[in-house]
């Protein structure tokens, strides 16, 4: 796949369709690719990488890149195309300035999951019949492929590319996923259990803003939490309130816009399952206002910018689940 | 749950100018009693209420927050309260998801003619919040009164 | 050397925590390590290092500096500094231990940060020698030997026993205070373990990382490097690297209105943030390129320039594993190093 | 530095009996920015107002808080008082300590505490108030009426009568609308044409009225007082200014087999045609779908016979742009399509007709010259069955949920007219209910039943089946006697539901007005503002707002005219200054605000900005038209970055109130 992508990117650079390519650049190790813009065929040959560990969603970079001179080629995985569409819909990405090549999605692997098994000093990973052979400084280790799948790929919602100019490889289908299972599990807890769960999780927040800054829905010119004039700006988690405020408001601001790409949880250094907050909104929107997938197209009205005269009342919260 | 009889909850009520604020006035004109715990903030439309205001109230010491607007279909601005309904439903559902007590938040439609309903709603809501006791799950410890 | 057998470690912890507050590294439910106040029954983490660094003990993420009580139009200033109690931190790695020396240079030089100093003075740092470094480790590049860490007391494990080595006066006193639980031990096996660890050090992927291209005298060359544009291109401007970094020491001071007074607090800040050092005239560094450059120039050039060549990085590798886009100081160093 | 004055009103004993007003004034005197805090017997009295005025001058106040009755009572009074002393009126805030405090609490201590907190909230808010100036926006003294039926004509005539120019845009070649097709009107049974056509002529002759027939609105920009409308004048291939309406072309046109829409397709017209004799403008129109010249380039007869040379085969659609201060929508209605009603055999039996078709069949200018004959064999019908509520009051998806309102009355009219003219014809009416509210309506219906012996049967028709002998079997149930009926009918007339004209939906989008789920325009208030849309400057006339009969339509048309005149009389309109505004530096250009704005007050433009990193960038940013914004604030919450804020109720003002209440 990587070779096919490099080949096609070089063609598109050569024929002048694009003048830049955004993709992933080889890192120091085998697992730490960085999103990067490539400008020459030589750079592509030398540094371009696409493998089991290239998880990052590059669509957010296109907010800035699509405003630069010339067209940019973007390699987008199925989940990334949803983010891309949503940003096009919100006029954040200038569609004409991007040439989208759809590439196959995961399942991607997460090095953190390998390390969480106590495997340290990892030097290389090979997938042999869905068993990972892991070379480390301390010898060879093995683990099942499926246990190393990245959290965002575990509950993949779609293998379909919703926006592309061309595809490399085959397009997939929207999947029946189990992505709301954990939300449901929490909903079935008592309020106190839920409170304890979130109190424990959110108290770990260090307000590094990784979740916000990686989020393709969070592209505000100036975030309310950075703006001293907003009256709610804050920089630090403090006494259990600020972090709740931050995460509730952030989830609310992306409600109906979050495509469930999973980047927030992927990048959280404290492994807080932040995607559950977004999924809660998605689940509610689906069940209360009809199925809605943000980013599936660029025209449908967002559920929070829309209404039906016979929408349910907020009292529905009282009628559901456990208090 | 043990009810502290002496506990006086702080309750913030956001009322839209055209229906609920007028409804509150009417309950005053008709001398219909409701607890002094309820303090009203006038907003042009219930759709002006930003979720940040609600969280801010809890942060600064509120024990309950209620939003009142025109009945659906009667919004002075034709559609404001429909947006309110979606936003607030989702927000309240999220607060519930985080384990915040459901009875600390409410949304009610009160028309300018429903002075009695306004008083009833406020009496009921204050009682519900009083039963819950002090807001602890969504408070900012720094704001706790010594 | 004095030692305690591994199965008695918890009774040692119980004994220490009976006298003063003890923090140890423990694994949380997600398998990552964090410092926790010791409570009976907790087990010492086997992980190499914690996600958050040990700087939190002296330079916490948020810290109340003073309260202002407002009554009518009168304002009263209240000093909220609490008398710190003595405390012990057990399980600090060599990198974090070295970070304290770096932080000391910032906070303990004039004007002395009394909040920081207070905590430093009340602390006893017990370090733990590394036996299984990770591929992301590069502390040796900064002249450290993680098999013999700094701190007040260094602890070594040979798998069956924990050996205690005093490294400061404070450490000596500490060992004396627990000496009744320790016994003399044979270090033969320990030496083997250490030898093995040192050999691994040499084979680490980053073992050859060199700092020789950096330092104060290289200021203009690096500052004007064309590489920054490419290096900073993917930076999201979040503060993850800063907040997991054991040596980042920037903070912001803010006032919070509680409704019945003002709390003046400081909190970690990040030079990666767009509002960092925002002043009346605006920002001093307006692009992410400048902010990104600032962070690495500070660690690799400005800090050594002002501190006798000491770098502002300890090679703990936290930023390598936590950066959302895998951009980090190693990649910066490799991109900027002299190529001949 | 703020200098705020606080004034606590006793309101006689209304407040002072339960609130310790002196304690309130004392407590508030310590609040931030407060320089003077007083109490007074009646703040709204002249001397009370003087207290404010003097304090504003003496203490150079930058803000005023009045703790008194509801702002709905006296906010304006105190704003005016402040303004007369030179303080911007929007620097006044009211703490409602009467309706929302003293009148509902009995305990003095808690009422006083609450009054102090409400006062503190008002002080906290006023600390953040900014002076606001109500903008003014000029009014173009010209109105547009969209639709030239009776509603549009009446509205245009009334506006013209007041001396304002008014344009009618009508999509058909002639004005007149549905009323022109109707034979007689209920409950007076006078001839529709006799009362309508003089009005059509009057409209044509009025110097203030311009009729754009065969035209459509294609774009609307602007806002109240200042709309810019693009009107598409469709090519009619006849020069309106030359055509005299002599009709010679229509006589000579060889293409005579064009279904005549004016007669509901019951007869034919020529390819060049004038819809009916009294058409206004009386100008021919060539139907390009049938004209041999336009289709094949062979013919040209009309051009040859036209003595004034009005025929122009090369004519194309023309667009004209015009500015208007007010727009009245009068797009009217149509009967629904009956293709989903196979049980009534409408699509294949010519003797099953709609009521509007019956109007044409009975009309002297209709296909049969006014003699009622079966369309199939042109024989005289002896048994006619009327079916009510076809497509109205339906629970299923085939029809409409609403009552079409006019059918009961026109069916009674039809029945009566038939029985009058053809006493040998039996008339049956199947109904669910007969609804006759209206002046002289029930009397009219009773006359049909009692004097004209029309057979009214409560029940629904189940099936209409044409038989081989040309008769029609109508199978129905009589709900009162609970039996199944079969009626051997000659004709069946379906009282077809009416629906808004199809042009209404795209028009509503252009006008940013609201519609209900049935595509009827929504009025600004169902009771108090029935002829205004919620969008300022757009008024509603006739059946576009809901089913209506003629008298109601005319009444509403005149009401809409009065509202439009009220607007056009003004040289400029004062805008509510408490409107939203966008901070362009923070705006993401995401369009969320635009999507929730009920008034279309938000537009986007690409603007060049100098960015913090010293580069310039073109960014898409929102701007709010203060003349159109009504200040609801929906956009402020839709905006994630907080770029959108509301004057008078800003985020920081409301949060300051929250803080003051919670502390």
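We just call them A, B, C and D in the order they show up, numbering each chain from 1.
What we mean here is this: a contact is a pair of C-beta atoms (placed from the backbone, for glycine too) under 8 Å apart; a residue touches a chain by one contact, two chains touch by 3 or more.
Note that the structure is predicted; figures quoted are calculated from it, not measured.
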item	value
Chain pair, A-D or B-D, that carries the greater number of C-beta contacts	B-D
Intercentroid distance (Cα basis), chain D paired with chain A, Å	46
Whole-Å gap between the CA centroids of chain B and chain D	35
Distance between the centres, which are taken as Cα means, of chain C and chain B, whole angstrom	46
Geometric centre distance via CA averages, chain D-chain C, whole Å	69
In chain C, residues with contacts to at least two other chains	256, 258-260, 274
Residue numbers of chain B (touch at least two other chains)	51-52, 56, 60-61, 79, 83, 87, 140, 142-143
Multi-chain contact sites of chain D, meaning residues that touch two or more partners	596, 638, 651, 655, 659, 662-663
Chain-level touch network, classified as line, ring, star, complete or other	complete
Touch list for chain A against partner chain D, complex	67, 90-92, 219-224, 227, 229-232, 253-254, 301-302, 304-306, 309
In the complex, chain B residues that touch chain C	60-61, 140, 142-143, 145
Touch list for chain C against partner chain A, complex	30-32, 46, 48, 51-52, 61-62, 132-136, 200, 203-206, 230, 233-234, 236-240, 242-244, 252, 254, 256, 265, 267-270, 273-275, 320-322, 324-328, 330-331, 334
Residues of chain C defined as touching chain B within the complex	256, 258-260, 263
Parts of chain B lying in touch with chain D, wherever the complex brings them together	10, 12, 21-22, 24-29, 31-34, 36, 39-45, 47-53, 56-57, 60-62, 76-80, 83, 87, 119, 143
